[in-house]
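Beneath this line is the structure, given in structure tokens, with notes to follow.
Should a chain be cited, it is by its letter among A, B, C and D, assigned in written order, with residues numbered from 1 in that chain.
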Amino acid sequence: MTREITLSKAVNEAIAEEMRRDETIFLIGEDVAEAGTPFKVLSGLVEEFGTDRVIDTPIAEPGFMGIAVGAAMTGSRPIVDLMFGDFIFLVMDQLCNQAAKTHYMSGGKLSVPLVLRTNLGATRRSAAQHSQSLHALVAHIPGLKVALPSSAYEAKGLMKTAIRDDNPVVIFEDKLMYNDKAPVPEEEYLIPFGEANVMRQGRDVTLIGTSSMVQVCQKAAEILEKEGISAEVIDPRTIVPLDEETILNSVRKTSRAIVVDEGHQNFGITGEIASRISEKAFYHLDAPVQRMGAMDVPVPFSPALEDITVPTPEGVADRARLICRGELVHAA
Amino acid sequence: MTREITLSKAVNEAIAEEMRRDETIFLIGEDVAEAGTPFKVLSGLVEEFGTDRVIDTPIAEPGFMGIAVGAAMTGSRPIVDLMFGDFIFLVMDQLCNQAAKTHYMSGGKLSVPLVLRTNLGATRRSAAQHSQSLHALVAHIPGLKVALPSSAYEAKGLMKTAIRDDNPVVIFEDKLMYNDKAPVPEEEYLIPFGEANVMRQGRDVTLIGTSSMVQVCQKAAEILEKEGISAEVIDPRTIVPLDEETILNSVRKTSRAIVVDEGHQNFGITGEIASRISEKAFYHLDAPVQRMGAMDVPVPFSPALEDITVPTPEGVADRARLICRGELVHAA
Amino acid sequence: MAPKKKTNTEDYLRMYRQMVRIRAFEDNANQLYLSAKMPGLTHMYSGQEAVAVGICEALEDSDKITSTHRGHGHCVAKGAEFKQMFCELLGKEEGYCRGKGGSMHIADQSHGNLGANAIVGGSMGIATGAALSARRLGKKDVTVCFFGDGATAQGLWYEVMNMAALWKLPVIYACENNGYSEYTKTDEIAAGSITARAEAFGIEAHMVDGQDVLAVNDLAQKLVARARKGEGPFFIELKTYRYHGHHVGDINRDYYRSKDEESEWKKVRDPIANFGKWLESEGVVTADELVAINDEIRADAEAAVQYALDAGYPPANEVDMHVFAGVDHALAYV
Amino acid sequence: MAPKKKTNTEDYLRMYRQMVRIRAFEDNANQLYLSAKMPGLTHMYSGQEAVAVGICEALEDSDKITSTHRGHGHCVAKGAEFKQMFCELLGKEEGYCRGKGGSMHIADQSHGNLGANAIVGGSMGIATGAALSARRLGKKDVTVCFFGDGATAQGLWYEVMNMAALWKLPVIYACENNGYSEYTKTDEIAAGSITARAEAFGIEAHMVDGQDVLAVNDLAQKLVARARKGEGPFFIELKTYRYHGHHVGDINRDYYRSKDEESEWKKVRDPIANFGKWLESEGVVTADELVAINDEIRADAEAAVQYALDAGYPPANEVDMHVFAGVDHALAYV
């Protein structure tokens, strides 16, 4: 049976189900227990699992990240709650020098099964240090898997897969989507990593959107449909591993692609995906692959400025129109 | 007059000259004073400038990075020495949440004129935590400039420009190149940011190499020349800002490009540059743009493994041959 | 409150006014939030006024402070104006940061406020660096680093205390211990003793009642003078209380602290009411004069709010300005 | 050295042997470097043997340790074999980490060594987490976190001490104070008192002579037993000395420490020589027996070196194995 639940509830359910299944799982982070996080995503868990498994920490991100790494190396499966994605800068050493490399450096003898759950997304008027989408940084580091759920359904299925994975997995939730509802089955399900979701079939252009940008691409596709442009929409769901085949097959069919992501455009996700398409579907392209990331500026506080830093459905539709009509091609 | 000096000496000279010119500059980091850093790059500076301007710190990277940010905001121009590029994970918060954003967040009222000098490069048998090339992470963050000197000449000119820049600049030196000599003028010179260097003219393929990979591209070009393939070699010198025009003009001429960088390939430098070329020189390309980054694995210690993780002249030449002969095109 | 000599009438009145200004600013900011006129959310300083004012009144204009997510109080106390502050809170072009920073990044370099910070503990290095810079450049400036009790958990503090102590920097670490880290009593997440942590680095540590503006100011004056002479660094733990929730949206807070506790602090230990009473009892002002001060400041604040509501947003082309100093528009540059 | 009862002959001899094994390992490693047979460089533990041995002899096999860049001593002391260690140092497939880790990442999970670490202080969280994990999973394991005096500057330590103290974790922080952080006397870069820093978090702190294996072992036994009962965490500062340079290539070190100082420590305070003398004087062994032990271990070490020199490198296709658990080859996966 499928009911509609919020993304927040989906994450909560995924964690609760897995914690019931496996005693070695515990949650650790700031205000995760009674407060259930500022976004209330974890509400109720401490009541069920106790403070031994839902652990409030001091405001010491590097510290509790390191603690999670050590716990993961010794039989536990910690889920680390990092309140804002922007704080990932604080845990980079423990995440990237320790967690990501331990399995390799030990020749496969030690492993670090942990989940780091955090968030991304701007336009919440939270300014430059609480609005970043920093998944590209993590995706660059070998040894880390990176999941980007785009709805409650994905949030639950990817979280459960992440918890069962024997590697460090970083999940970025879109903080503006916590209250968005989507159909989620009552029955247990997992979403395998590395399997993109073709959300919508189309002929003329492939829109590849991650996380918050999946909805943007869907809405752009609706706009375009009215104009007779048929857009295929793909959600990679995980960027490490990346389901290149599904993306390439789509672009080989549509001959055009736009990659849309809420991280900064430069040196980010869009360049990676666009360059793989440009290389591996070279002969199939009728137009240059388009990249639409967040503007390369720190996220401004002022609503008048913040809103223009992030791709919108209209913006994506505009770009699609241009490449479908060949207008951007001849400039290149 | 031009003499040959090592990259190490070039950095040392640049810093010494600037420190003589401007009293507000100081150096801060671990073992920078008497020891002159483990690589001996800063030898002699404490003797000239004293411990008030060449400051040995405890082993506290986040701490002295933060101190540098505050000093830069208040009239000083600190040069931070970070012993290994791998430690950048430890300073990410102070670098990316503070230094990079302060000018913007303050609406232009505060600025952070600091230089973070560190290094990159593998094949030194230093294993996974002392061998990374992490410049892509920094390049992704708006507000930071990123310089990648490829010889003693660039090291001096870019360092002097960095020190005079009113923004946070991160310079990654190639640690294997410290003892490599190159001609460096006695007279003062600066190398402006955002001006790529066309090291070698060619007709058939453009090799874009950064830092340590510039030499690799040069050697590949020599190999190719013997076989009648004429390669143009471009060193961007800074990746933020990136001299897109010089790269695009070259590719529009040669119709083929390979981007070579020592950072991990996935979600790194090569994707950014390749996707810009693919987009903006779309009609000029006779073959898919090739990317050659470091292998997407933690850097292994064993020499038997480490050497195969980094692009080599032969590897680059092989790839160039394939695209010049059209072999990779038809697969795509 | 210990009896004081009346020699300092002017100073006393300025401290009183500054505390009232902070309270008035916060009440208006809260109202802007509740009436959905403010973008995002914000953290109220109400209740902690004696800390910011007691310390900042001991500073010169050129002395520096670093501030926190709960930073309006520090900003006002260090000399900022209502108009530019409200403009900033509303994301308007005339704000201190042209609307780009907002509440959590408000900075006012003209009076030495190096900025609020949305990273807990994030400014501890900055403050220490400002002190190093002042010393190196031969300035006499002292820097005060404000942070909360929760921030003492951040490793950065220990790193910079070590360096500040080694190098005898003119920095004062001022921990506003309001008892809470967000929705958790800090006692539950802090082991041992906070003053002992500073002392372990050889830093002289003090505790003071953060609701008593004169006690705070006395101590601050002494330590600032000593820091200026090179006897720093120092640490002060100031016991205080925040009246509102962690942020303006934190309304239902029974699960982490009781209404009784809140009203006890407000009734018995309010820094403004108590100081007002003392000023009266010492004959420095009359009750009527206090009311007049309050009214005048409230009217000021409301006028500034209206000004800010009417003010313009930055134009769209500002969005890529100020990414880099010396670069007009970053998007044309990178 | 305080006189001891002779009841523990076996323990004494094992401690002596383990110290000699570390010294022999390091002498050979140094030789491999000097003869250009070792890739990269490495940090010698010689001089500090009594620390690793005194502590690890107080641990069970299932107890955990975390180690440092100067980690060979901890690895040997926690039960590792010469062959796999030398293979690791030479990047050979039979190494503990299949040659992928090398000297700075040597780990030996079979005996609870969670690994050396090339990030100074990088394992402080890991050790604390291992202790939390043991407690949560109902195991009785204690974790010892080894680190140097220089590492006490890292903020991470203060963050995890806070949590370890709050949660009473079975972790012992063991600071090997050899006086130097690379090429700098740690006194010049450490303010205040190191034990006071731990005590400020409510952690019981001890100081012990790190050259006296029995003193170290006595203290370690007591603290390990107490930590196992839930009375932890603890901190120990062990005063010791490294005989070689910071790393094998650090030959000219007059500028930061004197030859006199070095030879003083070697002559007067060598942990092996002194313990050997004591064993003789107590009648536990004869001088000849000690020589025999030494010879046997030296021969073992040399054989292991030869074995490792002859051993094979990992095949090229290993390069993208073990990036992810459960993924054969990462390049086919990402």
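Annotations
Rule of thumb we're sticking to: a residue touches a chain if its C-beta (ideal position, glycine included) is under 8 Å from a C-beta of that chain, and two chains touch if they have at least 3 such contacts.
A quick note: this is a predicted structure, and the numbers were derived from the prediction, not measured.
Of all chains, the one whose mean C-alpha position sits at the greatest distance from that of subunit B is C. Counting C-beta pairs in contact across B-D and across A-D shows that the higher total falls to A-D. Centroid to centroid, with C-alpha atoms defining each point, subunit B and subunit D lie 36 Å apart. Annotation: 40 Å between the Cα-based centres of subunit B and subunit C. Chain geometry summary: the mean Cα position of subunit C and that of subunit D are 46 Å apart. Shown for subunit D are the residues that touch two or more other chains, namely 97-101, 105, 117, 119, 122, 153-156, 159, 162, 166, 188-190, 323, 330, 334. Counting partners per residue, subunit B has 57-58, 60, 62-63, 86-87, 90, 93, 97, 104-105, 127-129, 142-143, 240, 266, 296-298, 300-301 as the residues that reach two or more other chains. Of all residues in subunit B, those touching subunit C in their complex are 23-24, 26, 52-53, 57-58, 60, 62-76, 78, 93-94, 97-98, 102-111, 113, 142-143, 145, 165-167, 194, 240-242. Residues 64, 66, 95-101, 105, 107, 109, 114-115, 117, 119, 122-134, 136-137, 139, 141, 143, 155-156, 159-160, 162-163, 166, 321-326, 330, 333-334 of subunit C are the ones touching subunit B in the complex. Residues of subunit D touching subunit C in their complex: 153-159, 161-162, 165-166, 188-193, 196-197, 199-203. Residue ranges of subunit A in contact with subunit B, taken from their complex: 86-87, 89-90, 92-93, 95-97, 100-101, 104-105, 127-129, 136-137, 139-143, 239-240, 263-264, 266-272, 274-276, 278-285, 287-291, 296-298, 300-301, 329-330, 332. Against subunit A, the residues of subunit C that register as touching in their complex are 39-41, 91-92, 97-102, 104-105, 117-122, 150-151, 153-155, 181-184, 188-190, 255-256, 313-314, 316, 318-320, 323, 330-331, 334.
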